[in-house]
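Next up: some structures, all given as structure tokens.
Next come two complexes, and both contain chain A; in the first it sits with chain B, in the second with chain C.
Right, the complex of A and B next:
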């Protein structure tokens, strides 16, 4: 009897902690999303009203579209750059340790600090970026106050910060691949491109899927850089979903509606995650 | 044996020291202030809290975060009645939300009494429901205003202007500012006639607010009808946009830091800026225009107003040390303490402190601040203002990018704001 319950008793504290930290807040958010919740007043159950409002809220739809563009563009470019860097730097060469270490510096800087650094770089009047563009083209450019350039500018910041993450994971993946198939291919006279397409990529697929999934999920919830750099502007050009949720809940005190937005985003992210996992089923 | 004895003795000494320090800590009440970080509260935090401790024997603890972070913490503390803070330091815009939601204690019920030395415009911000003006739906006209918060540090937007450009007297009209900008701006030498905050939402709304009211407009009319697309408001926005050619490239992305820096670096002739920047203008380490900046109430068109934005202090309804918190508010709002506060460089909220000769000689901007606070008006007193401000601020930002179409942008903003106000119960139809 004692041995039967002992394993459960041993994992109970951890399980309860995990429950308290994840499931309960999630459940509370879900409950709140069905309520009209205004400061100081008791919440009123309104059923699906918040979700009905979401359905017709063009601003929210627009913020989801912006988030999707941001996520897809940033993740795709980070993947291509990260893989290229990993292939370039996989061999050992003089100072490879220093170079690899310096490449991951952007990743360890706090996102808010990254935002501040890039805000200075993008400054239309005195920023280095604007200065370089002016020197090269003779044109004055104001990146963050352009409705067409602001989102690409944010994507560039994300790429700068998170390409090292892709690089690290893919480098680890490449270095853990078995050497024999590559040696055999070389003996058979396969070109470098053929080796990459027919050996490296397929064998690296599980790592690629995990790396893309982790980055994409993170990009879906981007907040700090947007908050510091543009606050969602100009207009609504960079208003991502998380910023809108934050403003709705904390600035406008519409907690119920904000919770409904958060649940909608969660569902979207879960669907995206499921779709990616399903697409690569059997390789992960 | 010797080593064991040494360890035993060390442990004993350490335990005794720890216990005695705990006893010292516990022997006096410690008031916990929660605040957002801002240079405007530095004098209070660094010089006057230690003085309060010395004068009363009550300890203090200052917990601060960035503006948004502190708002979240305070809302959380207020909603859950956790009692983590005794005194909330608030933007005056938060008072309707915090008092309306029951997060603040009624100061009069706690024994706080006002005297006639308080600046009326500053103390009025502490009442809920507001003493004058529109009332949020659900609050009857017979509901008696109660004092829920006090000013902590005075703050208002005043006109900063370059005396070497405009002369000793401030520009009297908005036309004067535009004319000077036209005549003397030289973007090639980074000399601009005007600088503004253009970031969407609250920043650009802060910049536009004074113009809107100066040109005779307002945010709301009777029964919360949106009026910020009135002909007067359109005229105000058209004027605001007419300054654009004489402003730095990319002002649509400027927030208060870039606006202030442009002025301090000697690149702009004038701007309406919060008083927190006054001290820096005469600091050679920060400013290239030491003693060249003059201060005044923003010019008038139809009328002359300034935007109030005071730091307010409220006692949390769940505060564990309410008596001591009231003690602090009584002490800090004493006229003699306020005078010392002004002499130390703080912005006071009592008339006598503004009139103190020593304070005026040390802070040459005090007269302008007093004038501005006297004619100052706050943001509309409703807990839903942040949402309306976001809508209007987004369309103002778009107008700035568009460099025109003032009426179209204001009409779109008015339609969106009206739709929101209907769902929030402000309009029956």
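Right, the complex of A and C next:
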């Protein structure tokens, strides 16, 4: 074959560049995680010390717990709302296109801007949200400075931003399902609920898995909105894992310890992806 | 039933659009009007002073320019390299051992950014590329590549191989048939892919925050976030910055709506 080298030549630049910027840093990260590393000072090899500290670091554990609560709550609610919207909008009706376009706007706005939007809404002095709460309950609350309400407030922001994502993907999935089984079920007199549970959901499963996997992975490493809205506060009430790693490495310049946290997080993410992929093997 | 559906759709639209409207509304108010209670539903004395202030006093023009240079370069390079790889994946995938290649092309996309940010910072620091446009261009190009390769692959696969073979039977080289037959057919997909990577890159904040800091190289999201600390209670300016950062992207995204699902799932769902 004359052209045998050609495909490799075409792929090489992409593969080499992508690997140089991912696998190489990953190796460097692993190395750094075994060191006491501060900018300007020579790195000191400390073996497993960073990981030992990590094991007993309550702040890190609580940031993982916060991240987990955030991810599970946001992904679950977004899935339910997104699926409901998809079912609601699956048939053609007047202004179909315009409505669909409007509903996806939140997810194409930069997360930083989403943060600004909700800062304006949550603000205790001028915010529409706070004003509505005051009008309804007579209470003045500043959700972002409350230790109990700040995390739910961030989850609400994530739901607002990413439900459109679930909606869009599930809608595409629903619209690509074959029509015959549904017609047959209707002829047989199956109820709408039965059709949904025994036909729609099982047939949609591959799409559901993809949607939930992508969304959960992104939620697990959420950063931008938290950075703009609370910076992890009040206290550490909303300090998600990515934010804690950012602070450790780039505010307190403990690069070695930050790298160890990042490696631990990567292992958790990899285990999660592998578990989900395995659980649904053959169905995707 | 029809009425309930109508009510629910209107409710969903309201919840989706009201927060966005509130930002636009606030950006057009004077500082005094922002603080009136109850809040006014539209600006009583609309003003563009917030926007003017951003460009004259807050370097927003410079941040915008940085974003355009960095995002433009990264999208160009990743599209040029990634399309070649995508073509190879689409046409010779089987010869290459599809599964393994799939893994190596896709794996980088699955690594959470936070796992790479410490080493990338240290490497770019050594190379003197911190707070330089070039540093961010390199990082963004690398992160766009798997996405571009994957998405373009699905577009190339839709082009019938017969067309190319016919051109080659007529004596065209593979390179020529790629240039004259495949590329023109793939150009709509290429445009969609370009706009997608543009959206992802333009909105990116995490790497930009860590790898750039001053108006010399920082992108619009970083500049906007920095503004929040500086403007304190100047909510009008904060809102205006949000509008400036959001508007171009919303327009681009609506242009590629048809391909949005494919882009979001990297071709897993069409």
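Going forward, the second predicted complex is superposed on the first by the 274 of 284 C-alpha atoms of A that agree within 3 Å, B and C clash if a C-alpha of one lies under 4 Å from a C-alpha of the other, contacts with A are read in each partner's own complex, and residues count from 1 in each chain.
What we mean here is this: contacts are C-beta pairs under 8 Å (C-beta built on N, C-alpha and C of every residue); 3 or more make two chains touch, one makes a residue touch a chain.
Keep in mind that what you see is a predicted model, and the values were worked out from it rather than measured.
Visitor: Quick one: on chain A, after the overlay, do chain B and chain C clash, or do they fit? Just give me the call.
Guide: clash
Visitor: May I ask you to decide whether A:69 touches chain B, chain C, both, or neither, giving the answer as first, second, both or neither?
Guide: In the superposition, A:69 contacts neither chain B nor chain C.
Visitor: Examine A:88 and indicate which partner it touches, taking first as chain B and second as chain C; both and neither are also allowed.
Guide: Touch partner of A:88: chain C, not chain B.
Visitor: Once chain A of both complexes is superposed, is A:39 in touch with chain B (first), chain C (second), both, or neither?
Guide: both
Visitor: With the two complexes superposed on chain A, say which partner A:144 touches: chain B (first), chain C (second), both, or neither.
Guide: After superposition on chain A, A:144 lies in contact with chain B alone.
Visitor: So, does A:236 touch the first partner chain B, the second partner chain C, both, or neither?
Guide: So A:236 only meets chain B here.
Visitor: Would you sort A:123 into first (chain B), second (chain C), both or neither based on which partner it touches?
Guide: So A:123 meets both chain B and chain C here.
Visitor: Once the shared chain is lined up, is A:214 touching chain B (first), chain C (second), both, or neither of them?
Guide: After superposition on chain A, A:214 lies in contact with chain C alone.
Visitor: Check the residue A:250 against both partner chains and state whether it touches chain B (first), chain C (second), both, or neither.
Guide: Both partners, chain B and chain C.
Visitor: Look at the residues of chain A and decide whether chain B or chain C touches more of them.
Guide: Looking at chain A, the partner in contact with more of its residues is C.
Visitor: Chain B has the stretches 60-68, 312-320 or 402-410; which one runs into chain C?
Guide: Of the stretches 60-68, 312-320 or 402-410 of chain B, only 60-68 runs into chain C after superposition.
Visitor: What part of chain A is shared between its chain B contacts and its chain C contacts?
Guide: Residues common to the chain A contacts of chain C and of chain B are 39, 123, 125, 227, 246, 250, listed in rising order.
Visitor: Along chain A, where are the residues that touch chain C in the complex?
Guide: Contact set of chain A toward chain C: 3-4, 6-8, 10-11, 13-15, 17-26, 28-29, 32, 37, 39, 85, 88-89, 99-106, 108-113, 115-121, 123, 125-126, 128, 131, 160, 164-165, 168-169, 172-173, 176, 207, 210-211, 214, 217, 220-221, 223-224, 227-228, 241-242, 245-246, 249-250, 255, 258-259, 262-263, 265-266, 269, 273.
Visitor: Please output the residues of chain B touching chain A within their complex, sorted ascending.
Guide: Answer in residue numbers: 68, 71-72, 75, 78-79, 97, 100-103, 190, 198-201, 203, 248-253, 258, 262, 267, 383-384, 386-387, 390, 394, 397-398, 400-401, 423.
Visitor: Any idea which chain A residues touch chain B in the complex?
Guide: 38-41, 53, 122-125, 130, 140, 142, 144-147, 227, 230-236, 246-247, 250-254
Visitor: In the complex, go through chain C and note every residue touching chain A.
Guide: Its residues touching chain A are 5, 8-9, 12-13, 15-20, 22-23, 26, 34-35, 37-39, 81-82, 84-85, 87-89, 91-92, 95-96, 101, 104-105, 107-108, 110-123, 125, 138-139, 141-143, 145-146, 149, 174, 199, 202-203, 205-206, 209-210, 220-221, 224-225, 228, 233, 235, 238-239, 241-242, 245-246, 249-250, 252-254, 257, 260-261, 264-265, 268-270.
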